[in-house]
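Sharing a structure, written as structure tokens. Questions coming.
Just so it is clear, A, B, C and D label the chains in written order, and each chain counts residues from 1 on its own.
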Amino acid sequence: MSKIVYFSMQAFRHIRRNTVVAGVTVGTVAIVFLLLCVLALVGYNLDRLGERLKAGLYLVVYLEDEATEQEIQEIKSTLESSEVVGSIRFIDKKQALEIFKKRLGAQATLLNEVGPDTLPSSLEVKLSSSEHSTKSIEALAQKLVSHPGIEQVQYGQAWLGRFFNFMDFSRLIALLIGALLVFATLMIVSNTIRLSVYARTDEIHILKLVGATDNFVKAPFYIEGVVLGGLGALLGIGGAWLLFILARPLVTIPLGPGSGDLNLEFLPISSVAISAAGGAVVGMFGTLASLGRHLRI
Amino acid sequence: MIQMYHVYMSYGSDSPGLIDVSLRIEKAEFAFITGPSGAGKTSLLRVIMLAERSQNGQILLFGKNVANIKEKERTLFRRHMGVVFQDFKLLPSRTVEQNVAISLEVLGKGRGEIRKKVGEVLELVGLEHRAHRLPPTLSGGEQQRVAIARAIVNDPQILMADEPTGNLDQALSEEIGVLLNRINARGSTVVVATHDTAWIQRTQHRVIHLEKGRVVSGGMPLG
Amino acid sequence: MSKIVYFSMQAFRHIRRNTVVAGVTVGTVAIVFLLLCVLALVGYNLDRLGERLKAGLYLVVYLEDEATEQEIQEIKSTLESSEVVGSIRFIDKKQALEIFKKRLGAQATLLNEVGPDTLPSSLEVKLSSSEHSTKSIEALAQKLVSHPGIEQVQYGQAWLGRFFNFMDFSRLIALLIGALLVFATLMIVSNTIRLSVYARTDEIHILKLVGATDNFVKAPFYIEGVVLGGLGALLGIGGAWLLFILARPLVTIPLGPGSGDLNLEFLPISSVAISAAGGAVVGMFGTLASLGRHLRI
Amino acid sequence: MIQMYHVYMSYGSDSPGLIDVSLRIEKAEFAFITGPSGAGKTSLLRVIMLAERSQNGQILLFGKNVANIKEKERTLFRRHMGVVFQDFKLLPSRTVEQNVAISLEVLGKGRGEIRKKVGEVLELVGLEHRAHRLPPTLSGGEQQRVAIARAIVNDPQILMADEPTGNLDQALSEEIGVLLNRINARGSTVVVATHDTAWIQRTQHRVIHLEKGRVVSGGMPLG
């Protein structure tokens, strides 16, 4: 216990005496974490956008005119048992024609002579907003097609499908950049710490010559790495938060009629905590990576 | 205490360091090492403090062979030695007090004891008024005395001093000589590398003379 | 001239003697430039994707049944004079019904009883693929609506409009991240160089005490900064190129039926050259930022 | 050549440095500066080499007042001085040869001339066989001689040496003494801070005695 206090005191003394090096280290970590946070922020809000848009995604299951009541019940229970499905609405032939007319807009006059029986009745299936990929929706659609009593399954808003494909692709790229950025964070921070350890090679040598064990030499460096890394991460997150506060009023994404707007949201507090801890860990590993080769004497 | 048999140490093909060095320094002995610049005095001390490995020969410290010693043990040996380095080797970012305290901190001593002993030893070398200064703000002689204080504060069994009076005036040099004599009288083995012929002549201690890496005279105890 | 040679020699000597510091500096610059390049690469290829998709964007101008030949000519010339417009195709009532039937798919039977005159004739306007924003397209559509002889103006593929809105938004964010990354590059590189200059404060002091002018002290540092910065940038770009080579076979974006695929393309050589030069400049400014305060003595 | 009138220089409230120092050293004179450790010898030399600013008093170098001198001029003055620093101040990443060459490189000399002069001066201090070594691989005395070589290689009008024989044996010390005398005889002003009483007694040169930052004796030329 008293040793921890002693080593911490050494670390803080050193930080105080070498404000330039400490400042540069914290600054570098902060900038890298700022970047990481902004990327995470963009990714997180795009994900939320996707979630909200998914709520507008629905399937239309057209029923055969000859479908029996029992078949319809079976279809319903298949749908209800799927976790992809949110709510189900039955649309009869008359309603269907109304909707179709509305959708045709100016060309609705075309259907003036069409009888109310022409369109099939259908089930409009709203999808649950959480965790379904376009893949699992397609799987459901595929499964339904072979069901007796079903004529056809269609997406309610076809463009959304393409949009989600694009989103999936974007997410892949964002993950790639994110991974690269995490890797860069590790490298840059450990490089910075390496430089500052390197500048103290002499100090390490002297301590060892005076009878210090490896651990005695290392401990303050680790504490310093952890403190500077954690501090840098916190500063970086703070910076991201500031940017967020500035950007929020400027960015609202209209989701289309009736769905309202999507406002930006900051990262959940848990990820913030994890990032800060990440900074500390990065500081520690940066120190680890740099210390090894200087201890031989 | 310190025994070397046919020790060879080289820094590379063009720089022999030590050649066939045999010597014995007894417990509680006081020995000078002399010889011209570049003779190998510092090299000899570095071998004894286990900062440099010999390529050949046998070295015994405290009766123990240190040929294939492990990192951990090396540290333990060093804790029984005090060294005044020719270039001082003070930590520039710690105060005088903290620099001296390191020798005790590595031994895990308590804060109270450390404060007391550091105060005493700084008084011995006449630097109590410099306790809170950083080494780069001291004069050359003051830095040298800090190095001496750090080397003696933990009552080492072997005290090695490399040119410890090179930056001190006559009066202070004599004081330091007296100080080392006193430490020697309390049972520590003292080895001093120096060019200060006046000091050597003032005392009756053995003189080990090096030249070009070889022991020319004084390798074995007088008795 | 001989001075430049002398200073360069000093710089190279120093690099050779301090491989750790030089390596760390080059490595840091390389990582940062790698990131920058990957981001630029993604942005560049998304832009190319946008260009290709725009080629698929078209407007349909529905003509009134009563539109005179002269009115139609006027509309055509309005369209032709717009730089947004690529090509124009006239679709008569019969073709229109064919197309509409095709689009309805399974529900085409609805129109069995509909006469060939029911749908209006129209002009299908393909848009020129270069530099038009959704804004300018909408402006054109707005202008056309008030034209005599026009019943309605519609997007050919409505989802593309939304998609482009999303792309515009994405581009904004990418630019923001890009700017942040450029800023980060500057900071990180100058911080790294600052640390390595800081480690040589003693050297600078000694040189000044021996009678060296400020420029004599600075010159080798600048050369070192430029060399290490440029080298780092080149390495980073090289790394991005490697990633690109690895990613290219994995990523092809299908553009939909008939339009073929989009393959990834590397950044144009001019941007590569600019980036490398940027590395050198960053190295120089990093040195500039770090040297000032160490020269007082 | 060097004139100081009531010069005060302080490192901060607890560290006076120099107090009311007046002295004159003539062109081509050879003067020793002595005094106990911490007396202000190094401080005095640092003021003369314009590395430290005096807070009060007048300083004239080469007859020119250097009170409010500009950076550029300071550099020009330094080019006429050679300094052997107490702690050597060698560049650890440049070879011995390159370290010595710096004094000539800052003057913009050609490569051929530099090579020739550096070779000569390294021979003078007995280090021609160490030309391609880095300073950290040299013995203390060897480093000190490199520092001497760097200070004298450009034939300075003022040569200052701070404890230049602290790490050298008797024989080498005497050689260095002879070397400095020769440089002095060629017209350079030489100022040496030292504790080496034997050296001082061997010569007839003036001795400026400092104590606690004040000149106690020898401030003015003998004549």
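Rule of thumb we're sticking to: a residue touches a chain if its C-beta (ideal position, glycine included) is under 8 Å from a C-beta of that chain, and two chains touch if they have at least 3 such contacts.
In this text the structure is predicted, and so the values were computed from the model without any measurement.
Student: Tell me, which chains sit next to both subunit B and subunit C?
Tutor: Touches both subunit B and subunit C: A, D.
Student: Between subunit B and subunit D, what's the gap in Å when you average each chain's C-alpha atoms?
Tutor: Chain centres of subunit B and subunit D, defined by C-alpha means, are spaced 29 Å apart.
Student: What is the distance in Å between the mean C-alpha positions of subunit A and subunit D?
Tutor: 66
Student: Measuring from the mean C-alpha position of subunit A to the mean C-alpha position of subunit B, what distance in angstrom results?
Tutor: 62
Student: Graph shape for the chains shown, where an edge means the two chains touch. Line, ring, star, complete, or other?
Tutor: Drawn as a graph, the chains make one closed cycle, so a ring.
Student: What chain pairs are in touch here?
Tutor: A-B, A-C, B-D, C-D
Student: Taking the complex as given, what residues does subunit C use to touch subunit D?
Tutor: Those residues of subunit C that touch subunit D are 3, 6, 13-14, 17-18, 202-203, 205-214, 216, 297.
Student: Which of the residues in subunit C end up touching subunit A in this complex?
Tutor: Listed in rising order, the residues are 20-21, 24, 27-28, 31-32, 34-35, 38-39, 42, 62, 106-107, 109-111, 113-114, 118-119, 151-152, 157-160, 162-163, 166, 169-170, 173, 176-177, 180-181, 183-184, 187-188, 191-192, 194-196, 198-199, 253.
Student: What does subunit D use to touch subunit B in their complex?
Tutor: Contact set of subunit D toward subunit B: 11, 15, 34-38, 41-43, 86-87, 137-142, 144-145, 162-163, 166-173, 195, 197-198.
Student: Note which residues of subunit B are touching subunit A in the complex, please.
Tutor: 49, 51, 71-72, 75, 78-79, 81, 83, 85, 89-91, 93-94, 98, 102-103, 105-108, 150
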